[in-house]
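Think of it as A, B, C and D in the order they're written, each chain with its own count starting at 1.
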Amino acid sequence: MAREPVMNVAELSAFLDEVFPQVRGQMIIEAVGPMRARVRMPVDESRLRPGGTVSGPSMFTLADCAYYVATLAMIGREALTVTTSLTINFLAKPPSADLVCEARILRLGRALSVGEATIWSDGRADGPVAHAVVTYAIPPRPAP
Amino acid sequence: MAREPVMNVAELSAFLDEVFPQVRGQMIIEAVGPMRARVRMPVDESRLRPGGTVSGPSMFTLADCAYYVATLAMIGREALTVTTSLTINFLAKPPSADLVCEARILRLGRALSVGEATIWSDGRADGPVAHAVVTYAIPPRPAP
Amino acid sequence: MAREPVMNVAELSAFLDEVFPQVRGQMIIEAVGPMRARVRMPVDESRLRPGGTVSGPSMFTLADCAYYVATLAMIGREALTVTTSLTINFLAKPPSADLVCEARILRLGRALSVGEATIWSDGRADGPVAHAVVTYAIPPRPAP
Amino acid sequence: MAREPVMNVAELSAFLDEVFPQVRGQMIIEAVGPMRARVRMPVDESRLRPGGTVSGPSMFTLADCAYYVATLAMIGREALTVTTSLTINFLAKPPSADLVCEARILRLGRALSVGEATIWSDGRADGPVAHAVVTYAIPPRPAP
């Protein structure tokens, strides 16, 4: 199994815009590497909750998206790769600042990709604000 | 500890509109009962993913909201009650139809509310489309 | 897909003794039904933690086993059906009494069985002591 | 809050033997560091399942114990620190070899410790065999 990415940042960004036009501009792919990806979510008013903190659904969306990007980077264009489960722990209330998510694949099998996505508030040094464990199901593909 | 709801559907709906104006009209509280609530999410284009299925973040938002409503119904107006963790399993691709979520509290302590939220596609009889386990932290309150 | 059990309590008990001899006598299958099973774990000294409460690993083992039984009851003898993930919430400290677990399948697909297992302390009426969400992978089988 | 461990390997090992005599010899604390611990579980026959793989409950117990050690190392002797939730993903079937678990605290608050525990099969280089996210509740302590 290839352990180097088969898609780069530009290819992944174009693919994401194509299959999820509704998140265009909301998720910026910053880097991909072997079994890894980093995605930034710019935070504006629409993402905030009472008290000026970023909403839980926004963090869920970021973790889910970053993990999707990490997986696609390794397996290639498979739009129908879908989340089967996600466990998220909210660790600290993020202030009103961009969120940055590091996704990391722990196990990439033929049918499942399992790993984690850790979310940081940009510029904050005292640890992550959320952590997710994600499982994606990969559709069956013809043998290579 | 009171085991009957202390807020009714009208009071909860008004409170939700007040603290989360951004979801106004997107979540309809249908019923509350002891340790339970039912919330409907009307599904339109903006909620759909490629293939005509409802997006994962939409289901996360519904499960999270319904569980918040079930908890507030029991403890009263506590806007700062926040999600600390949520585990969601996506069980089947929901077609383009309203989603209905049944939230049920398993344990309501002084500091934590732990329970589940099961999501059904309206009109579909072959089991739920998603299931979540949710933990909410309840802010400290003066002793009664 | 059959929605009635294909194995009964006696058959499941014999199968469990055969494939997991190390838990013989520790897990008593009390009932199976469509997409459901109930398993009892007698509690003795070896299961207790400081303070006289049942240990977390014991509750994990019970939830895992009860869900395995519920799945096997529906799909038949498949010893290599394995847990792929389990999320457990400990809700209350169980006193020194038997534990009873109700497992319920939410979605039974060809490759995965996803559902929940709720653990009660026998004789205690104030809600469950633990709750788990379980995913089992079912090995590929020849088409019927 | 202190970010250096307040207990060392010898102190933690003695404490574990004292409060959990039933796991004596089954868990070897190898190292502790800031917000981290490494614990080894020697694997013998009693830990194996059909097919020669280590059982799920054994891996649960190791993850839970390693995370307990990482937390105690930071907060000191608090036997009543208890697991409130644990999500474990089984990533690969471990062969019959020792398991090594790396526990890492993501957020250490006054009331909760949240983090992860990753389990490796000793000598195997192709990634972890299991991964857990763990939450421990810390009992209230007098202000320092």
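Simple rule for what comes next: a residue touches a chain if its C-beta (ideal position, glycine included) is under 8 Å from a C-beta of that chain, and two chains touch if they have at least 3 such contacts.
All values derive from a computational prediction rather than experimental measurement.
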{"item": "Which listed pair, B-D, A-B or B-C, duplicates the contacts of A-D in over half of its pairs", "value": "B-C"}
{"item": "Chain whose average C-alpha position is farthest from chain A's own", "value": "C"}
{"item": "Gap in Å, rounded to a whole number, between the CA centres of chain D and chain C", "value": "24"}
{"item": "Length of the line joining the C-alpha centres of chain A and chain C, rounded to whole Å", "value": "33"}
{"item": "Chain centre separation (chain B, chain C; CA means) in Å", "value": "28"}
{"item": "For chain D, residues that touch 2 or more chains besides their own", "value": "84-85, 87, 89, 135"}
{"item": "Parts of chain A lying in touch with chain B, wherever the complex brings them together", "value": "19-20, 22, 46, 49-51, 56-57, 60-61, 64, 79-80, 82-90, 93"}
{"item": "Contact set on chain C toward chain A in their complex", "value": "84-85, 87, 111-112, 135"}
{"item": "Residue ranges of chain B touching chain C (in the complex, touch as defined)", "value": "87, 89, 91-92, 106-107, 114, 116, 118, 127-128, 131, 133, 135"}
